[in-house]
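In the two assemblies presented below, chain A is common to both, partnered first by chain B and then by chain C.
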Partner chain A sequence: MRDMNRFVKSMFNLAELEQLSRRKTMINKWHPSIKIIITFIYILILTSVDGYELGKVLLFGVYPILLLSIADIPTRVIASKLIIPAFISISLVAFNPLFDQEIVLVINNIGISGGVISLCSLFSKSLFTISATLILVSTTSIEKIGDGLRWLRIPKKLVILLLLVYRYIGVLLDEVSKTIEAYQLRANGGSGIHISAWGSLVGQIIIRSIKRSEEIYNAMLLRGYHIGDEE
Partner chain B sequence: MMNKEVIVEFKEVSFGYDTTKMIFKDIDLKIYGGETIAIVGANGAGKSTLLKLITGLVRPAKGIVYVDGYKVNNKNIRKVRKKVGYTFQDADNQLFMPTVYEDVAFSAKQEGKSNEEVSIIVNKALEQVDALHLIEKPSYNLSGGEKRAITIATALASNPNVLILDEPSVGLDPRARRNLIRLLFNLKETKIIATHDMDLALDLCDRIIVMYNGEIQGDDTPTEIFKDKELLCNNHLELPLRMQGCPICSRKGEQVESIIL
Partner chain C sequence: MHMSDALLTPVVGVTMLATGSGTLGYSIRSIKSDIYEKRLPLMGVMGAFLFAAQMINFSIPGTGSSGHIGGALLLAIILGPYAGFLTLATVLFIQALFFADGGLLALGCNLMNMGFFTIFLAYPYVYKKIVKNGLSKKTIMIGSILTAIIGLQLGSLGVVLETYLSGRTQLPIGLFLLFMQPIHLAIGFIEGIVTGIIVNYLYTQNPNYLFQDEVIKRKPIRRSNIALILLVALVIGGMVSQYASSNPDGLEWSIYKSASASEINNDSSVIDWFNKTQEKLAIMPDYSFADDGIKESIGTSVSGIFGSLLTLCLTILVGTIIRRKRRGNERYE
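On to the complex of A and B.
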């Protein structure tokens, strides 16, 4: 379980991305709005490619690979953050081969069904889109992304929301990690979390999150934030 | 340092989270400009609630709270909050933006100030707390002492008349605590500090308010408060550590008169 904790922490280790975003590479110096627009257009075009056009989808892989090399971002950093999204996306498309069994391609007398093609295509799409987003975050600090979004006339409230979410991913994970450790210390060496404890652990985390969000909202109010009629 | 102008006033204030049970009953209190006040008391005595009443985060069931002449009500709430800087007990609740700059700049940006003005305000506030070197750091990656300094800078950025600190020394190592006391000592604003740290109250404050069960049990200078052992005992408080003496070497604790000038 400690390994799981470590794994989750490393996956969401935002400090790594922060450090990368504060370097002075060519891409880091680009105006954030330009990077946001390019990433947005890339994701938009990629997601609109037909699910059966695997060849075209794979061509889009050139973009993240190219950027990784130009921006000199260690592949390990991006790869470690792709593990859980990859697992989620593969589980979402895992049944495609069962639903679509029509053979659309034959290679060396081996028939490949449309379901397999769409599985590979959708899986690649998800990895490429997430990679592009991670590369954006690793080449642009979060406050610059905020500035870029404001420059693009995205409403201030949405930008603040994004910044808050980014800021509190780490805090929430810390709460989760502390809760797991507290459980582990009293679990008599048992492995994993017993099913009977899941409810109360999740409940505790939710309660703490709500309490914290109330405090943060108060902190914002006290520093001049107002949204509609607050009182 | 202190002037005779009342900056915060409670007039017969009663408050309860549950309308059937009042935490405060008819509290009267005056705080003068430039004062540094410690609010001390056992857990649940009502210290944090008193602070929240000043900021308008909670409102009295009866009575009126004034801040710098303004009634704390819906109409004046923004003016009141401009006058009051507040730091939370848990710095992570206060530092909600991704970087120190963004955090300190938050209130100025809310006021619609230009980027140049915001930058000047941030630099000035960080200079005041001797933390200009942290300006580009991510807020979550700071030490406890640094976080505390930045929370104070976030409060100072709106140029408040009153600075409210809820348990500022909690979780700080001795050196960070000492730095905090030095920092607070040099700030000219009226300071209201809720604390369990009697040594901090002794070192920093010129007035101590003792609370118990939502009532003010004592309100006097540190000299008088720490002389009154019965008052301390009845309110679950103790003398500052440096006045307690050492049980191992039998050194006697310092006398309050020799500490306070």
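On to the complex of A and C.
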């Protein structure tokens, strides 16, 4: 049942971000494309800082901290989605302290190696880039992000697909969670789905999804759906 | 296998973003509008399915562990390469924005590593070749396993190269490859088997569930546009990294340039007195510790880090005041 909690949790978090994005704070009212551009430039400049310059990297924390306060986003919401991904994202450089043992800092006779400094700075970078992105989505609804992307000349076909995928995440998560719950109640323990059920369990979800998409297509047609050649 | 923004430099990130955007543009042009319209709902639902599928744990026989699928190959087999790639792109974008998996700058890298290699190299040149002489349970299974392995090997090679070129890891490249490639060999094998079993099930239910090749009339791509995007990406990336790696502080640098001296001489006795007093009082004179407990040569970075931490604490304080004030105002409104 551990999986169930993850489903519910991730769904809940998505809803939580969406609720935040629909408020009317100062930052929520900014044009979405401006917010997308600012976030991207922030990430661009932050990632260009050298891995050993921990001091400079830490200064970049001012931006997310201030924005969190101005947009009045509960720190709990961001923190719950931030810490674990930040740790996972730096797993590729987790060995830096082993390979760079040259002492670059000595504080009260305790030596700190270059590897530790670079790991700390990468972790901080990770925290800041992820928070900047989370702040963007917690102050901008998905429809507004779509608007912003259109303004930035991203093709209409891609933006509609983005909105469609986003909208159906909740539906599919619900469907998959129900299917897995039904499986687990009959599976007599064990972790994960047994190989004998891989095809039928996932295959059935896909077939249901294909049928669902046909219904959606008909519903869209009835409401005058037409993309056209515009890009 | 998602790469995060923190592991990249702007040059690598933006170049890969430009390459990813080029491939996206190519994919959009490759599907005719009326076919796209018809297939869009299926693409949307399959994209959402891919999210949900990340949560399904497949228990791996004989190991006691379990894992989930990446799904790029499954998308290509069900939706075809172009629609599959577009769907994967939106999934990666949503993951980067809402699930802190990947990142905006790393989007191009992830798109190429997890999508391009499997969908545009392994799928047409391995899977399609194997199933060319007739779809059967056997060819589907062999095709899926080989395609997934090759796609993932190329993808993890991409991750290693992009991280290495960004210079954010101190792991020697040989060791990095030795660490990444065998793991992804195993992951690719499992992914191939899972995909093969699922595709086989769909095939036995109704072969029409799998993507059927169609004649594609592609609009010509404006190559000059792609070249322009790449050029702009390189220039911007280069400029930004130059800006950030310039050693002198901006103000000091401009003074140095205009006064042709690293520090301006002051003859005034008042200024001299202030300087001496400041040196006595400051714990970090000219960004290095006054105390001898810390090596002189590294003083700059120590004071830099402490200064930044102090700034962050001040910012948190200011943030808290802003929040308190707003809540106070709301109470009176």
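Here is the rule we use: the second predicted complex is superposed on the first by the 148 of 231 C-alpha atoms of A that agree within 3 Å, B and C clash if a C-alpha of one lies under 4 Å from a C-alpha of the other, contacts with A are read in each partner's own complex, and residues count from 1 in each chain.
Rule of thumb we're sticking to: a residue touches a chain if its C-beta (ideal position, glycine included) is under 8 Å from a C-beta of that chain, and two chains touch if they have at least 3 such contacts.
Quantities reported herein were computed from a predicted structural model and do not represent experimental measurements.
Of the two partner chains placed by the overlay, only chain C lies in contact with A:Trp198; chain B stays clear of it. By the touch criterion stated above, A:Ser48 is placed in contact with chain C alone, chain B being left untouched. In the superposition on chain A, A:Arg22 makes contact with chain B only, not with chain C.
Of the two partner chains, chain B is the only one touched by A:Ser141; chain C is not. In the superposed model, C is the one of chain B and chain C that contacts more residues of chain A.
After overlaying the two complexes on the shared chain, residue contacts for A:Tyr166 are found with chain B and with chain C alike. Judged by the touch definition given at the top, the superposed model places A:Tyr225 against both chain B and chain C. Once the two complexes are laid over each other on the shared chain, residue contacts for A:Leu66 go to chain C alone; chain B is not touched. Shared contact residues of chain A with chain B and chain C: 14, 164, 166-168, 171, 212, 216, 220, 225-226, 231. Remark: chain A residues 3, 6-7, 10, 14, 17, 39-40, 43-59, 61-62, 65-66, 68-70, 72, 81-82, 85-86, 89-90, 92-93, 95-96, 99-100, 104-109, 115, 117-118, 122-123, 125-126, 129-130, 133-134, 136-137, 145, 155, 157-158, 160-162, 164-169, 171-173, 175-177, 180, 190-195, 198-203, 205-207, 209-210, 212-214, 216-217, 220, 225-229, 231 touch chain C in the complex. By the touch criterion stated above, chain A contacts chain B in their complex at residues 14-15, 18, 22, 141-143, 146, 163-164, 166-168, 170-171, 212, 215-216, 218-226, 230-231.
Partner chain A is touched in their complex by these residues of chain C: 2-10, 13-14, 24-25, 28, 33, 36-38, 40-49, 51-53, 55-61, 64-66, 78, 86-87, 89-91, 93-94, 96-101, 103-105, 159, 163, 167-172, 194, 197-198, 200-202, 205, 209, 236, 240-241, 243-245, 293-295, 298, 301-309, 311-312, 315-316, 318-320, 322-323, 326. Taken in their complex, chain B has these residues touching chain A: 55, 57, 74, 77-78, 81-82, 84, 86, 88, 90, 92-94, 96-99, 101-102, 106-107, 110-111, 136, 138-141, 154, 157-158.
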